[in-house]
Amino acid sequence: MTAAGQRIDVGVLGATGMVGQEFIVQLQGHPWFNLAWVAASERSEGRRYADAASWRLRTAIPAGAADMTVDGCQPGSAPRVLFSGLDSSVAREVEGAFAEAGHVVVSNARNYRMDNDVPLLVPEINPEHLALLATQRQARQWPGLIVTNPNCSTIMLTMALAPLLPFGLRTVNVTTLQAVSGAGYPGVASLDIVGNVIPFIGGEEQKMETETQKIFGRLNGNRVEPHGVTVSAHTTRVGVTNGHTEMISVGFDSAPAEADIVEAFRSFAGRPQEAGLPTAPERPVEYLDDPYRPQPLLDVDRGRGMTVTTGRLRKCPVLDYKFVALGHNTIRGAAGAAILNAELMKIDGLLG
Amino acid sequence: MTAAGQRIDVGVLGATGMVGQEFIVQLQGHPWFNLAWVAASERSEGRRYADAASWRLRTAIPAGAADMTVDGCQPGSAPRVLFSGLDSSVAREVEGAFAEAGHVVVSNARNYRMDNDVPLLVPEINPEHLALLATQRQARQWPGLIVTNPNCSTIMLTMALAPLLPFGLRTVNVTTLQAVSGAGYPGVASLDIVGNVIPFIGGEEQKMETETQKIFGRLNGNRVEPHGVTVSAHTTRVGVTNGHTEMISVGFDSAPAEADIVEAFRSFAGRPQEAGLPTAPERPVEYLDDPYRPQPLLDVDRGRGMTVTTGRLRKCPVLDYKFVALGHNTIRGAAGAAILNAELMKIDGLLG
Amino acid sequence: MTAAGQRIDVGVLGATGMVGQEFIVQLQGHPWFNLAWVAASERSEGRRYADAASWRLRTAIPAGAADMTVDGCQPGSAPRVLFSGLDSSVAREVEGAFAEAGHVVVSNARNYRMDNDVPLLVPEINPEHLALLATQRQARQWPGLIVTNPNCSTIMLTMALAPLLPFGLRTVNVTTLQAVSGAGYPGVASLDIVGNVIPFIGGEEQKMETETQKIFGRLNGNRVEPHGVTVSAHTTRVGVTNGHTEMISVGFDSAPAEADIVEAFRSFAGRPQEAGLPTAPERPVEYLDDPYRPQPLLDVDRGRGMTVTTGRLRKCPVLDYKFVALGHNTIRGAAGAAILNAELMKIDGLLG
Amino acid sequence: MTAAGQRIDVGVLGATGMVGQEFIVQLQGHPWFNLAWVAASERSEGRRYADAASWRLRTAIPAGAADMTVDGCQPGSAPRVLFSGLDSSVAREVEGAFAEAGHVVVSNARNYRMDNDVPLLVPEINPEHLALLATQRQARQWPGLIVTNPNCSTIMLTMALAPLLPFGLRTVNVTTLQAVSGAGYPGVASLDIVGNVIPFIGGEEQKMETETQKIFGRLNGNRVEPHGVTVSAHTTRVGVTNGHTEMISVGFDSAPAEADIVEAFRSFAGRPQEAGLPTAPERPVEYLDDPYRPQPLLDVDRGRGMTVTTGRLRKCPVLDYKFVALGHNTIRGAAGAAILNAELMKIDGLLG
């Protein structure tokens, strides 16, 4: 689609953190985007990227990134298109400053997600929400713009639920068993997780309950009308490196047949698949017949970390059905999600 | 109550397994019961107990038990009162044979639990179910008898729910994060659990859904009418040694105030507490205010493993409330449960 | 020995950290010492102890300590005898200030350990090193004093080696597999340890190599002549909560018989055992015959965490023998060690 | 080298076990070998491979293998070249029968490793040992042959030590921290490893001590003269999925400079690299400067699992130097090792 020489220069805000590192890996060899700039907090500014980042990924640090000099998080020499893995303590201010300075900010931070004029995007589910950007431009008078992806646990949930929307989804009960990489680095203390479970993740349950309604919402003029689905979440942390497992119960207006749900999982696809976006998995949702699956260790890498794997569909005595879903929290749940967002924006002419 | 010299001799069926080992530890120094006999499968028969058992508990093997000779699982030299930690593959036949030979079998196995004439007992909840034994005696013409305790996950659930029954409990959705000790030894392969989650435990969900109704059922003449509560369970295995964590949502006919539920947890007590049974915890259910609790590593030993700890009570958007419960699966969920059953039977004159 | 009403008031410096918490637990119900004062950094000053400490121990926070108000780490209202669980970044200055103000500081910090006039004490091994205090008093002109215990890995090593000293111990090669509690809280990041090994612990190897020589050293006039044993250590961190495992090879001037070593382990005892100090384990070193032992999960609590357990003694092709040792790093390796030191000082009239 | 249509048909003995599964993955898309046959025990015979194998690898089961029918372990329809992942309880008999029936058996089992006429091959180290096959043919009168690779822990050790041989290596002390995948499936019980360490692996230490001497031995006429290096091993199991970590101390006739050892690690190569064998890593041994590396989670996949990573070289007070080595136990330590052996045999004309 784009010749190698014409790749779009991109940068990463918060490049030394866990999400930032995953951005660096996912952008390596990207056919459309060229990593040209990395920025982080003052502590890292001016240092060689490989020295500033406590590299924590299995994939070795890409040679091109290792020798980059880390810049500060101020507009100036940054390219127009930026991925943000900033911490929420600074993201609102910094991302806003970049949008005001004319940058396209494709953010993984939570700060702008629920703002009325900011798309909370999952390309397979609500690509039309990009239309909110017209409102955003008008309301904020930014020459740039901000687009967000959901919280990692919400993405897995909405990917697993989206195939069920046509059946009249009404209620959802979900318990998560979340990986430690979702908490960044150093994040969760090992004393809290070795042979243990933490039954609480601050703010996570509310995010799942409200973000889901916005993602599934209908675009109505210049705003998104939240979907009427009611979600209740229990979120826990377990001793897993990568992969959030979710135990989901669902209730419908009128319950479909079991086979229809399996078929809906397996045939689910959206604009990323139609357009063949580089980061899009061939099958965004898989369904496995083995009752012992999906498991984080065995299934988290499906579709290069972009597939959400489901299994164990069965009747639920309280709601209608229950099943399991699993996804890679730092790829489909963070860096990969944002890059897929940017790819969708590219074919919609929004990176121009 | 009973002088040391008058302690009742008891034996353990399946004494070398994990539940059997926990029986040996829990009976050590028991004021009413004296461990006098251990039995296991043919492989162990005739061997010294300490040699036959692959001892897997933190508490050292009690000196008195270590030198016992393991007997086979046939009536004969066995004392009248027996605790059974037998595997379900043999429990129906073996326990039946012992009851037929005049023994009181206090069993942790699942085989007889749902039989109409067998008490499925949790002393704090349904001590009156022991009345089923009259039916059992008549129906089976056994000179002995069989009493059972529930599955480990069910016990934690029913202990946490029992305080809520007076509020008109209608529906329950629960996801478990279960410890590996619940699967016996060798049980779960380490390759399946190191850094992983297994989203399925065979038969466990159905047990939780049906046993709960029987435990909460009303004794009506010679049978138990199942309680109308609807339970839906998701059961998973995680890398924890001891302690099942359960994420529970509950719906009521008419929802009580939050403070009333907390008060109900904290004031819950039953016949074991009234009678001061030796194994009864002072507080069968605790409620912690810290949102990060209960945790297996920190809370599993409360009440010497007999207390179920709850926390994080909050509104549920789908049902009425949600909260967390935790209990020790091999003590309150198995050996301790059976011993508490026997203690109740003792004061009710059923061990005579 | 001392009537309850005459217990000695003691305080804890660094009371909110992991070692501080273990001090609080180990002092609970102590027959000689009465916890009367807790101090920590400015962040905790003035707060209720239970609120200031992120309590991380299985044993519940003792009621008496929970409601204490945390003081700052300045002399003033502190009792004369203080246990220090201070971080090494501040311990030299703070402990020195307290000694200068007349306090007896029984410290777990590393800062003063290798000072010539400071005893590095293991009561079973070198109780006579307390004689260094005369030098200390003269040299520093402190009205108070400072006594230290070794690094947690060093204590396990020296306890396991002390029984072998009479055979002419010359060389030691040791690899440790250390628990995460040894790194404090939050300490090791879970991303670094879930399903992983960290092959480096900063400064630990050198401590093992030099502290061992001082502990085994001969008191010569007013100084300790380091023992000539050569120690080489590899130190690693593994996903264990409590319990350092050490794989040890030893070389002798002239190698003893295997049975003599086992006998030396089993019969090892010192002044704490002779004097029946309250915290002294009956058997400071145990030897297990089972080749799969000792294991952290099963053996760490022996002797209420004060026993070092050994096993697997066998010939070493390079040195003479090799074996395994295990000990509880926050009890025998830290808080319990310091309390045993104080008990020894008490009977030697040094707390007066 | 070989056209796709001319790939050599190969089979796998013990194809359903953990090593067998790794063979299937490593052979997928192999340029020289074509997986044409899978065999396992009677229990699996006649079943579809995907149904017979409890697939436990992250890489999905290759489509070509999934639908194969599992054969029994008898010669007959098997191709000439066979990889063996058989359990040692049956390997001597079964592999011998296949060699007697004219097959080339490239084995990972331990049974024939120390036989005088069987090469114990590490292609980077002792490719010339293949000359033993002439002796083997003469001695056994087999129309086929057997070649073996070392125990997984031995391979990592010898790969890390081979670069040091030119300096006059004399003594080695090594402690391993081994992954659970090395024990097969189900293998190690999770109760033994969650939050724990097992300080013993049956037979492992002796294998490391004797196999190393044979691997480094000099071919002298029709036999291998064992190398004079003395090895002492402590072997332990830790909660890691893949990757054996080894803490190694080495003594030399005359110790080289530190920089020379690092250079030796980094420049080490052998016939696989010279010949560009398909499975050969570009760098068989890497040396990392970061003191916290190598770590299993981060470094085990280097060189597609065929590189042994070293680090932390420093002086040893007892021997001369000490350092850390890490390798992938089921790839470089098993299936990848055997396939590299077969590739070497191919270019040496031994598969013809």
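Residue numbering begins at 1 within each chain, and the chains themselves are lettered A, B, C and D in the order written.
Assume a contact is a pair of C-beta atoms (placed from the backbone, for glycine too) under 8 Å apart; a residue touches a chain by one contact, two chains touch by 3 or more.
Since this is a predicted model, take the numbers as computed values, not measurements.
To find the repeat of B-D among C-D, A-C or A-B, check which pair has over half of the same contact pairs by residue number; it is A-C. Should one ask which of A-C and B-C has more C-beta pairs in contact, the pair is A-C. With centres defined as mean CA coordinates, chain D is found 42 Å away from chain C. The centroid of the Cα atoms in chain B and the matching centroid in chain C are 40 Å apart.
Centre-to-centre separation between chain A and chain C, using Cα means, comes to 47 Å. Residues of chain D in contact with at least two other chains: 56, 192, 194-195, 239-241, 297-298.
Remark: chain D residues 18, 56, 180-181, 185-195, 239-241 touch chain B in the complex.
Against chain D, in their complex, chain A makes its touches with residues 56-58, 60, 194-195, 241, 297-298, 301-302.
Interface of chain D with chain C (complex): residues 171-173, 175, 177, 192, 195-200, 209, 230-232, 234, 236, 238-241, 245, 247, 249, 251, 291-298, 311-312, 316-319, 322, 324.
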